[in-house]
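A single structure is presented below for examination.
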Amino acid sequence: MIDYEFAVRFEEVDAAGIVFFGRFASYCHDAMERFFDGLPGGYAAMITARKIGFPAVHVTSDFKAPIRYGDIARITGTVTKLGTTSCHFGFAITRAKDGGDVATMSHVHVCTDLTAMTKLPLPLDIRAVLAMHLAPT
Amino acid sequence: MIDYEFAVRFEEVDAAGIVFFGRFASYCHDAMERFFDGLPGGYAAMITARKIGFPAVHVTSDFKAPIRYGDIARITGTVTKLGTTSCHFGFAITRAKDGGDVATMSHVHVCTDLTAMTKLPLPLDIRAVLAMHLAPT
Amino acid sequence: MIDYEFAVRFEEVDAAGIVFFGRFASYCHDAMERFFDGLPGGYAAMITARKIGFPAVHVTSDFKAPIRYGDIARITGTVTKLGTTSCHFGFAITRAKDGGDVATMSHVHVCTDLTAMTKLPLPLDIRAVLAMHLAPT
Amino acid sequence: MIDYEFAVRFEEVDAAGIVFFGRFASYCHDAMERFFDGLPGGYAAMITARKIGFPAVHVTSDFKAPIRYGDIARITGTVTKLGTTSCHFGFAITRAKDGGDVATMSHVHVCTDLTAMTKLPLPLDIRAVLAMHLAPT
């Protein structure tokens, strides 16, 4: 399980004064990358040296309350399912100060050969690292 | 119905070389704003002068094929349902050159008093403008 | 000379309610890309197929007045000097409605072999295309 | 003096595969905000509660070497001069692993009443906090 706090950044808000909803994809991707920290060089080396990536194929997002510049948010992330080539992730964002719900996201990403842009069965070392973040059932 | 082409921008790709999935929120928001073009000053005046906004509350996205810098994409958008305070929108992005599917998105946004950050029944003029984009059933 | 209008986008503002100053780099890059429109496939094909790019090495920016969501801006761009490997560009952004000064930028970019990340003398076809945008002296 | 390391993020690169030069404005702004950490609530409370901001009016940037996703960068920042309404800041970014120069930036920001969008003499408490970061001469 991934669990950390982060500050909303100055330029992440939109003209309505709240964090632009597309920014939540960045927040979740940041958290997702941490699932791969057990690999040498982490997500970055996997992308740049091994040319293996995990493009999103399905994302469902529910936004319950806005956050703004100055807010500290908390994100938790788990691996909810590991398929042959796909990974299911769940993320929840809350306000750090009171635990109020901000957003929940369900993501499906597919292990991909970035050179050929084709699906790839999850390599065993990557599967093992992700399995450490599987949500208890 | 909204329907136009746009070019992927230089900085919209990520380290995997494809458009970052969070950017699709921007693409859809750009299209969504056009639903409001019938209002004086459009979406911008509604936000800044009337202090009425439409934060997203639920977004479902399916990504079928990546797009890259240099690609021309086509986006179509329709209003799929108008509730008392909520608006349902559907968007589809294809590659302009061959019509290949790139992504589909279903959005629910809620009419919101941006000062109080509370739900607002859709004002009649806004409802009328949005109704012009209702998908045929 | 490049000269066109564009609308400030919903998510380009910051928590101070004005366009974040880093966004002006994007505005200038968009304009700069148009200098290369005379090449087959434009800037995008040069980057992706020829692996030739123009990273910025020096940028000076003066910001005179803020712009906000809802504003229409006008950008003009000229090539101010062509060196052996470097290109000097000048950009000015004004408010479309009244011509008020918003920002001026001087850029130096260097022609670069993106594979080796080394300087490259300006290829003749690229030099010819850029020369069409040289500011009158 | 501000001095910390940060990781280049997945979506901060451009189609040339290096960090987009406009992103350096964000890096510097993040560092600049820390100059204000001595104020209650920091930069965020100053912006949102006191409605005092520091828009950039002049920025000079020199880019010496690219950075990429996977790189750890180090940023140092100092206050180089405090005027009546203006603040001069200097920033340097290096690669963490070898100290190689990446970029240097000189910024001038002006203390601004964000409601009236007019210049404001530096309030004494803000001046005192910034003075703690003055570069030794």
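Residue numbering begins at 1 within each chain, and the chains themselves are lettered A, B, C and D in the order written.
To be clear about the criterion, contacts are C-beta pairs under 8 Å (C-beta built on N, C-alpha and C of every residue); 3 or more make two chains touch, one makes a residue touch a chain.
Just so we're clear, the structure is a prediction, and the values are computed from it rather than from any experiment.
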Pair with more cross-chain C-beta pairs in contact, given A-C and B-C: B-C
Equivalent interface positions on chain A and chain D, same or different at half: same
For chain A placed onto chain B, the superposition rotation in degrees, Cα atoms, nearest 5: 180
Distance between the centres, which are taken as Cα means, of chain B and chain A, whole angstrom: 23
Centre distance in Å when chain B and chain C are each reduced to the mean of their C-alpha atoms: 28
Approximate Å spacing (C-alpha centroids) for the pair chain A, chain C: 33
Residue list for chain C, restricted to those that touch at least two other chains: 10-11, 15-17, 20, 22, 26, 29, 44, 47-48, 68-70
Complex interface listing, chain C residues touching chain D: 15-18, 20-26, 29, 44, 47-48, 53, 55-64, 66, 114, 117
In the complex with chain A, residue positions of chain C that touch it: 10-11, 13-17, 20, 22, 68-70
For the chain A and chain D complex, residues of the former touching the latter: 9-11, 26, 29-30, 33, 41, 43-45, 47-48, 68-70
